[in-house]
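Structures for review follow.
Paired with subunit B in one complex and with subunit C in the other, subunit A is shared by the two complexes that follow.
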Partner chain A sequence: MLLLDWLYVAAFAVIGLLLAALSLAIVWVLSPRSAYPQKRMTYESGVVPIGQAWAQFNIRYYLFGLVFVIFAVEVIYLYPWAIVFRQLGKFAFFEMLIFLVVLLLGLAYAWRKGALEWT
Partner chain B sequence: MNWGAEIAKAVLAAVGMFTFLAIVAAMFGVLLERKIGGWIQSRLGPKHVGPQGLLQTLADTLKLLQKEHITPRAADAVVFNTAPLVVATAGLMGWLVIPFGTLGGTVLVVRDLNIGILFFAAMASMTVIGILAGGWSSNNKYSLLGALRSASQMISYELPLGMALVAVAMEAGTLSTVGIVRAQDGWMGSFIFRQFPAFVIFLVAATAEVNRVPFDLPEAESELVAGYLSEYSGMRFSLFMLGEYAEMFAMAAMTTTLFLGGWKGPLLPPLVWFFLKMYLVVFFMMWVRWTFPRFRLDQLLSLCWKVLLPAGLIWILISGYRITF
Partner chain C sequence: MGTLAAFFILSAVTLIPAVVVVTSKNIVRSALALVPTFFGITGLYILLRAEFVAGIQVLIYAGAITVLILFVIMLTEGGTGIRIRQVNEQVPVGALASAVLAALLIWVFLRTPWPQGPGALPEYTAAQIGTTLLSSMVLVFEVTSLVLLISLIGAIIIARRER
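Let's turn to the complex of A and B:
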């Protein structure tokens, strides 16, 4: 039955892509074509674009990405615990308490270090 | 097992769900948004196409289907044209696990996965890949900024969203969406009462996750010229919109499933209850959109990392304590 579940997941992924592509195919059939150089120019509020957009950007975006990875992994660890902690009783609760407190300390450290500030 | 029949059933379910989303979430959703926006701002909204403007979005779709397919010369054509497909598909995938109601003993759900809400969270975060790919490949400064903002916002808000899901999973003792609805017995049994902080965290994070006002920084018309959508036109633009609205309705449906008792309710049939509750949440999200101004990026990230994330962690601890002892 597990395999059957993932058959549906695969069907949704494939059919979703196909139907979305189908709408683009309809556009390909119906739409007019009149390309001239100015039309295919990158938009920059009406002026000719200066330089490429593939340039340096603020490092902050990357920092938040890094902090995210740590906490995303943590949330993944919480899921199995959330399902079974009723059966495991007090032991599991205190185990998870330690885990969460360590993470809260990590968050406090990142906060203190200014990793969560934008400026 | 007859694999041929199963594959045919799966394909039919996928096509049916996609059609349902295109009509209910995208077409009707956009109309609803414009009507509600109109009423809130003392306007009438769309009124002339069809009775009371009902066919407005259908007409828009027909128009968009005839628009020229323009790929900017500077863009990375392959990534640029694939990104909308990814977003539209990601919007569809989440609906796999949403239970619509019961009909004569069987639960109306495409597939009751045993990892239901984890799957939902994973699919909700797929959107960011499409948005980042679209914004980056446009080779447009506004698009790049919009995509980066979107990436940092969506990955940040995934965490509180995940925490709220964990809190619900603890309460219900299962990840299956049908199981979660079954665990909410009786009128006061809805998790909105026992898990109210999780409900608030989920709703805020869900609004941010689908890039809606007050968290619509990636699109910010007035500063970024629609952000990652700047270079998109015609059908690829509408595929982004389809994905976004499908995602928004999926979030509303998930809120209903997790906190409002899903299809359960007195008197009316289960299916009607489900849609009533879902549209209530959708209406709430639209109400918020047309009422509040936009956050600044640093405020947005502070709200996530300094308020919602610690609150989520502490709420998980409190729930764990309450259920264990």
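Let's turn to the complex of A and C:
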């Protein structure tokens, strides 16, 4: 891949940032502004909120975060595999199948141990 | 010429949010400022023709690691919502130490003869890595899945003990 081809990626990144900035700028220019205390309150589906929006969250979320990181690491192995998969044929397919089955054992373990349950 | 311009732009994209990371009084803002830093480093990897490392940088660092850092902040008592001061009274000493370290690194970089390996880079490094990983390094590849499995089980065991 030529280095110049990456300019497309750079162009898309710049255009994406500009679009986001533009939509914010349009709102900033066109919308009327008013300030009153209720407006600064945390939105809690219409009821009066209890406490701050920035609260300490339950430790159980951490497990989901860790499982997410492990499967993200798995994806970095899928990436080179997906590029050369067609050239290497069946052998590569079964190699990846073994790789994924081993990781699915981990997911099965998590499921069996109730790590995915919210009790 | 274009590469040099890209290098300077990407360095700015990396360094400006990095300054926000270490100076912001809002710790969530510090964590989120890591994302453009990681993207800038991704661009630098692409300039070095290391597309695979760049892909890892986006997937793991800009994606997973940032999420993990945000999780840790949200799970910490008083982690969010407070204003913190990231520096103490020793700012001048720290600035001097980092300036000396930077000068030393630049000096070493300029003096070291960098050897160049024989042969040319493959046209697309990720494809070459994939071929190697799935042919001659297949045992390493399969053992990696075991390492990931062990870390998954370890994470579950440690997280469940907390209750």
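Going forward, the second predicted complex is superposed on the first by the 93 of 119 C-alpha atoms of A that agree within 3 Å, B and C clash if a C-alpha of one lies under 4 Å from a C-alpha of the other, contacts with A are read in each partner's own complex, and residues count from 1 in each chain.
Simple rule for what comes next: contacts are C-beta pairs under 8 Å (C-beta built on N, C-alpha and C of every residue); 3 or more make two chains touch, one makes a residue touch a chain.
Computed from a predicted model, the values in this text were never measured in an experiment.
Trainee: Touching A:99, do we find subunit B (first), subunit C (second), both, or neither?
Mentor: Only subunit C; A:99 stays clear of subunit B.
Trainee: Quick one: is A:39 in contact with subunit B, with subunit C, with both, or with neither? Answer first, second, both or neither.
Mentor: first
Trainee: With both complexes superposed on chain A, which partner does A:83 reach: first (subunit B), second (subunit C), both or neither?
Mentor: A:83 contacts both subunit B and subunit C.
Trainee: Per the overlay, which chain contacts more subunit A residues, subunit B or subunit C?
Mentor: After superposition, B is the partner touching more of subunit A.
Trainee: Based on the superposed arrangement, let me know which partner A:56 touches: subunit B (first), subunit C (second), both, or neither?
Mentor: second
Trainee: Just to be sure I read the superposition right, which of the two partners does A:113 touch: subunit B = first, subunit C = second, or both, or neither?
Mentor: Second partner only.
Trainee: Just checking: does A:66 make contact with subunit B only, subunit C only, both, or neither of them? Give me first, second, both or neither.
Mentor: second
Trainee: If you lay the two complexes on top of each other, which residues of subunit A touch subunit B in one and subunit C in the other?
Mentor: Dual-contact residues (subunit A): 4, 10, 52, 54, 57-58, 60-61, 65, 67-68, 72, 75, 79, 82-83, 85, 92, 96, 100, 103, 107.
Trainee: Within the complex, which stretch of subunit C touches subunit A?
Mentor: 2-3, 6, 28, 43, 46-47, 49, 51-52, 55-56, 59-60, 63-65, 67-68, 71-72, 74-81, 123-124, 126-127, 129-131, 133-135, 138, 141-142, 144-146, 148-149, 151-153, 155-156, 159-160, 162
Trainee: Quick one: which bits of subunit A touch subunit C in the complex? Just the residue numbers, please.
Mentor: Contact set of subunit A toward subunit C: 1, 3-4, 6, 10, 52, 54-63, 65-70, 72-77, 79-85, 87-88, 91-92, 95-96, 98-100, 102-103, 105-107, 109-110, 113, 115.
Trainee: Taking the touch rule as given, give the residues of subunit A at its contact with subunit B in the complex, in rising order.
Mentor: The touching residues are 2, 4-5, 7-17, 19-21, 23-24, 26-28, 30-35, 37, 39-45, 49, 52-54, 57-58, 60-61, 64-65, 67-68, 71-72, 75, 78-79, 82-83, 85-86, 89-90, 92-93, 96-97, 100, 103-104, 107, 111, 116-119.
Trainee: Given the complex with subunit A, which residues does subunit B contribute to the contact?
Mentor: 1, 6-7, 10-11, 13-15, 17-18, 65-75, 81, 84-85, 88-89, 92-93, 96, 110-111, 113-114, 118-119, 136, 138-145, 148-149, 151-152, 155-156, 158-159, 162-163, 166-167, 169-170, 173-175, 225, 230-231, 234-236, 238-239, 242, 297-298, 301-302, 305-306, 309-310, 313, 316-317, 320-321, 323-325
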